[in-house]
Every structure is written in structure tokens, then in C-alpha cells.
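Chain nomenclature is as follows: A, B and C, assigned in order of appearance, with residue numbering initiated at 1 for each chain independently.
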Amino acid sequence: MLTLGELASHIGAVLSGDATILVRRVMTLSKAGPEDVGFLSNPHYRRHLVHTRAAAVILGTADVAYCPVPTLVSENPYLAFAKATALLNPMEPAPRGIHATAVVASGAEIDASAWIGPLSVVESGVRIHAGVIVGPGCVVGAGTSIGTGTQLIANVTLCHGVQVGDRVVIHPGAVIGSDGFGLAKDGERWFKIPQVGGVIIGNDVEIGANSTVDRGTLEDTVIEEDVRIDNQVQIAHNCHIGAHTAIAGCVGIAGSARIGRRCTIAGAAGIAGHLDICDDVHITAMSMVVQPITEPGVYSSNLPAKPNRQWRRNVARFHHLDAMARRLQVVEQQLATLLKGNS
Amino acid sequence: MLTLGELASHIGAVLSGDATILVRRVMTLSKAGPEDVGFLSNPHYRRHLVHTRAAAVILGTADVAYCPVPTLVSENPYLAFAKATALLNPMEPAPRGIHATAVVASGAEIDASAWIGPLSVVESGVRIHAGVIVGPGCVVGAGTSIGTGTQLIANVTLCHGVQVGDRVVIHPGAVIGSDGFGLAKDGERWFKIPQVGGVIIGNDVEIGANSTVDRGTLEDTVIEEDVRIDNQVQIAHNCHIGAHTAIAGCVGIAGSARIGRRCTIAGAAGIAGHLDICDDVHITAMSMVVQPITEPGVYSSNLPAKPNRQWRRNVARFHHLDAMARRLQVVEQQLATLLKGNS
Amino acid sequence: MLTLGELASHIGAVLSGDATILVRRVMTLSKAGPEDVGFLSNPHYRRHLVHTRAAAVILGTADVAYCPVPTLVSENPYLAFAKATALLNPMEPAPRGIHATAVVASGAEIDASAWIGPLSVVESGVRIHAGVIVGPGCVVGAGTSIGTGTQLIANVTLCHGVQVGDRVVIHPGAVIGSDGFGLAKDGERWFKIPQVGGVIIGNDVEIGANSTVDRGTLEDTVIEEDVRIDNQVQIAHNCHIGAHTAIAGCVGIAGSARIGRRCTIAGAAGIAGHLDICDDVHITAMSMVVQPITEPGVYSSNLPAKPNRQWRRNVARFHHLDAMARRLQVVEQQLATLLKGNS
């Protein structure tokens, strides 16, 4: 437990209230009790503020007046909440060593402070640095390098020759370095193009559960530092993702796409291959990008759901939109002629 | 093998025909032979009825007249078919015990009637109840609880602190309890929000291959009883899915969405975060829900494919639809003025 | 290393230049150095040709004039590039035998030239043919058969009773033979339909990382020869995919769909269930097919992203498209009446 004073100091918030009150955890406004710190950053939950029983609430200046309990005011309440949660939920000390059931190739270099969990496989030529945690059931392919403090949670597959930076977190079921989908037509048959590039993953990257990052065909697939990738994201061969870009669940990025820095790609969006997206681009959910984007901004091609009956009527019209546009042109011309005659 | 009489009685169907005929399995109408029971529930396959060589056919009243062989008439022929299949394909008796290659932490409580398969990991503080089957290659994280008769087929990952109900089936590659995608902006960098909630999965839930269910940030992600989840579905942190809801393959549900009871969400649909969908809502395939839904019914935003040439012409017009609407307004006004002048 | 002469002969290209020059690898035009062979097949990268420092470039006739270095001219430069890459990157000789930590059921038949990797499980009744490679962490379910030269890279799950052909490659995290999503309504509850069919995978098929192929309900799910499946593809129960069809990442195909031969389905497209798509159909990315397709050709229903402000204006109009069409009809009728009166 921490005092509100300690918490305020750590998260950089201004406390109004008794600095000696002890708190145990961060909790949502509606569930927080007298030993909890609540928080308000999404206005969607503002209605819960007046009823909160929290010991204190992390919030922005604008909401202070409506808060019935002590406040921890921050310019960035969401970040302050995140820091408070981290502070009140310290990571458990990790084990170190190699579990007796792990299969480690001779010649793999494993730092003494790293942990290789049960039933994991570490192939030849692997270098595992200080403080790395390889959870249960992981496969670390030949020649792979894993940087300081990186965690593979469980059942992660790193194929051969993948380079992972420091403080990376890779969630269960993720596959890094699988072959790209490279095929050449040979008559009606397909000829597989060997995928001989690698994957380079920068520092502080996070890769979600069951996401996949293919190796490059000839050069490397590159994920720059602090890129954040949610679950079930597919990143194809030769992609290059710029630093600080965040990619939400179920996004697919086709081969050789280059995404800039500080972009956000919302859930289930798709990016076509062989195109560049500049820095600071934001793609909304379920949108499809098929042309290069050279200007920062928000881009969309998604359609919000409507009652099916109404939707179907509009879609039926959509399939005749070109004809409709032509009819409008005819009307405009006829009307122009009429108006000319009348004037 | 069973007699048609036994089968009719078990599945609650009315038999017209020889009750002593023996049948071995259920098969499709077009493939069924003289030891098989056929079935007809989808009208798409009605054309196969008159040619069937099945011993008998499960069907609804309306199709009886066209059936050349004995009939098993049911008000719900699809359910009757399902029951017949279950009856003719009884589950094999499961093994019990702990395979010699499984890694089980001391202190894990495992019922004597449960089975822990080869090369699975059961971490500390786990409680596994009667008749549970943990297939090969699974990871069961610390503090997890698995209810009576639940099956993890193979290579399933349950992260720490997940609570799974009774008679749940989790298919290979599924990941339950991975960290949610919680990030706060700290300048241009991301600050990871610790995900300290859990996941609660009700009784009779099924979760498909390579699906992912993230743990809650502070509270729990909740999947109520009898929810059915297909393959490659992504359910983000803090979601709450109501009982008897079915979610088809490739659906993505963003964080803190609340889905009602008895909903169906068809394949590859997307649900935005922080919204409520009421009971008895049906979302059609590939639709995107971005606003709360408060009325039961069918909702859509999908577009059916057309020949590309036609499609492209309509899309080109779509990108000028606002201008087109303005032009229509101008035409309407000009015409109104004209008509007024003429009257 | 190979001489340009040897390379030209092997890949069926016409060399213009010194046949004795030695090359080491294939590389992209912009990165190729004096020991590398470059290639040009995608016109997107033509701008790099004049600056290349490659020893030689594989290209088509049309580009020869712009190439500053020796040329390897091919009618199909992409195929020639693929063959060159394969030639210069020969597969390493595979190990053979059974790793000491693999768990192999007695009675499984494993060819002496096959390899069963560490921490893999091979269940009873399995037949593994010559030269098969089962990588680390795989599960090969009871009664499965794996044809000559097939590779399961790592952490692959084959459920029971799956038949895999020769020279198939299955990438990490893929799940073959999981239960289909078969449910019958029983009041408000779901009744699971046992999935008792199998999966048949033809020769020369490739299945990407974290893709899923469900077993059939009664008959088999069938993937014909030389079908190529990218990552995170979902193929539901009872599907039948014709030979030489290629399916890109994140595609979902619903149950009982039949896809023809030589089709291509681009990324994140969706195919509804219980429909037939004929041979030689090409579905563009993120399109949704809900009706049978009986004519070869290109089909689409995707919408390219635009700046959000412009997009939202057009979508707002779209939701009134039916009304707009009716208004246009009114205008047309009024105008026709006017024009009639004027004439």
C-alpha cells in the first residue's frame, strides 16, 4: 500500500486531500472502494464520478469540481492512471536459470540472469541476454538474438534468425519470422519463393497474442522501437513499421508496405502491399488503404452498421450509383436548357 | 449401431417406416448409403432429397412428401440431426492421470479423474476439477481454475488467474488471459498499462482455434455461459459477452464492449469499444458496429461483391456522393422555382 | 557461389554479359552489390534499375535497355528470380530420427528418414512418411497421416484423423482439423453438433502461420493440391478449395463453401458459406462474397480509404441513398412533364 502523497509524487499529479490516506490498488470509478484509487479519463464514464466511493480519483482539471472525494489532478490523467497501476502492481521477481525440461542446444549463449521456462526449445546459435524470460512452451529458432529484459510469455514461436530488441514483450501464440507468402506463377502451378531475409524487432516493442510477423524475402522485415501491436495482427514480409506506431487487433498489412512513425491503425484495418504511409497517419477501424498516403491525418473507408432493412435499401441503390450519377447529369443538362430558354 | 426406433425415440422425432432398421452413422443426403441416416434442414440441399439412398432422413413436416425413404420428422430437424450425430458418435472414454512428461507445479490441485496430457505445463496454484482434459502442449497459468468436464484440446494457453467454468471446450491455439492492448501516450512514446484484471469464462462455453480473449485491465473480462466462439475471434480487455451469444470466425470485439444475451455476430464483423449492444441483436458478416445498439434486430454494414468493373464505377461515384447530393438539391430547387413559375 | 552462366542455364534466362562472373545471392535492386544478382519484375521498383550495382539483373525484355549491368532476360522474370533464389539458398540437410524429448505413441509408424523434433507429440495410429520434418512443439493427432517430404515448422497442431499430402509446408501456430462451428438451437441454448469428418490436404499445399482449417462435420474438408494459404486464414468445416488457388492473409471462408481452381482471394476477403465459386475467380482485398459466382473474373466490394472528413460526408449521404434515388426519380418525372409541356 502507498499513501496518496507518495502516489501523487510518483505519478506527477497534484493532490487535493489528505496525503496520508493509504491506497491498495487502482480500480474503475464504479467499482472502487475506500482503499482504491479511481480514475477518469474517458468522458464516457464521467457519470460514475459523483457516486464514486474511491479514496481518491485521478482526473483532469475540468472534472475536479464534480469529484466528491480527494483528487489527483494531472494534465494527462490516462498516463497518470497507467503509472499508478504500474506502481501498485510491481512485477514479481522473475526466476532465473534453465528449467530441467527445456531443450537448449549446445552453443546457445544464455545469460545467467535469464530464464528459460519448462518445455521450451532454444536452438543452436541463439543469444539470450540479461533478464530475458522465455516462458513455457516457446520455440526460439536457430541464430535468434533476444535483447535484455525481453519476455516471451508462453507458446511463442521465434523462427530462425530473428533479432529481438530490449524490453520487448511477445504474447502467447505469436509467430515471428514465418515465411512470407511469396509465390511465382509457373503455368498453373505455384513456385515458392524462398524467404531468406530476417526480422528485426526494435526495443520496447509489444506484440499481441497470435499475431504474426513474416520474415523478409531478401532484406529484413523491420519493426522499429516502441511499436505496439495488438492480438491477431498480420504483418507480411518486407514490411517496415516506424517507431511509436500502434496497430490494433486483427489488422492485416500486406507485403513491402512501409508505415511511418507515430501512426495508429485501428482494428481490422487493411493496408495493401508495396505502398508508403507517411508519419502521423491515423487509419480508422476496418478501413482499407490501397494508395500511398503522403499527408498526415485521419483516413477512413469504413461503414457503420444500420438496421438491416434500411441498409439493404441503400446498398441496392449503391449498386446503381453510376447510373444514378448519369441520370443526374441528364437532369442537370435538361434543366439548364430549360432555364436558358426561360431566361 | 442403433435401430431407427431407438434413434427416433432419442432425438424426439416421429418415425414413418420400419423401426427395426439398423443405422451406423449420420451422413449428408448425397453421400448417405443404406446404413446411414440422412438429414435435411438447409433448403439449399433439398434437391438431393429425391435421390437419397439413406436408410431414413431427418427432416421437417414440409419435406416429408418428397422423401423416397423412411422419415424421422422433427419440428427442429437441425437439432434432431445434431442429437443423432452425438448419439451415433459417443465420446471415447478419456484417460485420467498426469502424463510423465507434463510439468505440474507442486501445490497444483488436480482431481484424480482429470487428465494432464504430454508436454503440458500446469503452474502453481492451479485447481483442475473432475473429468477435465488438458491436451498435449497446453500451458495452464498460475492460479487458474478449470471446471468439471472442461477440455483444452491441445496447445491451448491459459494465462495466469483465468477462471474457466464447467463443460467448456477450448480449441487448439486459443489464448485466454493475454494482456489487453492498454497504452497511454507519454509524449511520442507509449506507456504500457499493466493489465491486472482476469478472465471469467462461464459454463458450456466453446472457444475456437487460435481465438484470443484478453484479461481485464482492472476488472475481469467476462464470457457468460453457453457463449459460442468460433476460430480466430479476438475479444479485447474488459469485454462482457452475454449468455447464449454466438460469435463466428474472425470477429473482432474492441475493449470494454458489452454484448447482450442471445446475440449472433457473423463472420469478420467488428465491434468498437466502450459501447453496449442489447440482447437479441444480430450483426451480419463483415459489418462494423460503432454506435450502441438499443433495439433488438438485424444490423448490417457490409457490401456484397460485384464484378470489379461495375464495382469500380460505383465506388468512383461514391467518393463524390456528397457533391452529388448537393447537385440534386440544386436541381430540386431550380425545378421547384420553374414549376412555381409555370403554375 | 555460381557463375552467371550456370545461373542463366538453370533458371532458363538469356544472359547478356560475362558468363564466368560469380554470384553469391539474389538481392533487391537497391541493395544488391557486386556479388549479387538483382531482379526487376514489379514496375514499382523500375526507378532503382539505373542505379543498381548488382553483378547482373534478372528482368523482362522491355527493361533491358535501361539496365547498366549484365542482364538475365526471362519471359517470366518473377519466376526466374524465384528459381535463382532457390538455387542460391539450398535447403539445409534435414536431421532424421526422433528427438529424445518427443513423445511418440507406440504403434505410430515413422519412416526412418523422417525427423520428429524436440517436445513434439505423435499420437497413436499416426503414419509419417519419408523425409517428413515435424518441428519442435508440434502435436500430431491420432490417426493422422503425413506424406513424403512434408514439413511442420514448429508449434503446429494437427488434430486427429487429418490426412496431409506430400511436400506440404505448414507454418507455426497453424491448426488443422479443429472442430467446425456447428451449433443447433435448442430453445435459447446451443447444442454442439459433433464434428466427425476429417481434413484432406493435397500435395504441395502451403498453410501459413496461425491459419486454421476445420474438420468436416460429416464429410471431409478438402484442400486440393498446390493450394497456397497465407497467415491467419480461417477455413471452416466442409469447405472444398480447388487446386492452385491462392488465399492471402486474414481471409475467412465460411462453412461448406466450394472455391474453384486457380482462384485468388486477396487479403481479408470473406466468403459466405454454402456457396460455389467457379474456377479462375479473383476476389480483391477485403471484399465480401455472399452469392455464388458462376463466371470467371475479378470481383470486388472493397472501399479505398479517403481523408476522414471527406469520407464521413459521403457516408452520411450513403445512409440516405435510397431517399436520394427516390428524389431523383421525382425530379426526372417533373422534368419530363415540364419538357412535354414545353414541346
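Before moving on, here are some points about what is shown:
Simple rule for what comes next: contacts are C-beta pairs under 8 Å (C-beta built on N, C-alpha and C of every residue); 3 or more make two chains touch, one makes a residue touch a chain.
Every value quoted in this text rests on a predicted model; they were computed, and no experiment measured them.
Per the C-alpha superposition, chain B sits rotated 120 degrees relative to chain C, a value rounded to a multiple of 5.
Where chain A touches chain B, the two copies mostly use different residue numbers: shared numbers make up under half of all numbers in play.
Separating the CA-averaged centres of chain A and chain B is a span of 25 Å. Each of the following residues of chain C touches two or more other chains: 101, 119, 137, 155, 173, 210, 232, 250, 268, 303-304, 306, 318, 320-321, 324, 328, 331, 335, 338. Of all residues in chain C, those touching chain A in their complex are 25-28, 31, 42, 44, 76, 78-79, 81-83, 85-86, 89, 99, 101, 117-119, 135-137, 153-155, 169, 171-173, 204, 206, 208-210, 226, 228, 230-232, 244, 246, 248-250, 261-262, 267-268, 285-286, 302-309, 311-312, 315, 318-322, 324-325, 328, 331-332, 335, 338-339, 342. Those residues of chain A that touch chain C in the shared complex are 101, 103, 119, 121, 123, 137, 139, 141, 155, 157, 159, 173, 175, 178-179, 181-186, 188-194, 196, 210, 212, 214, 217-219, 232, 234, 236, 250, 252, 254, 268, 270, 272, 274, 283-284, 287-291, 295, 297-301, 303-304, 306, 310, 313-314, 316-318, 320-321, 324, 327-328, 331, 334-335, 338, 341.
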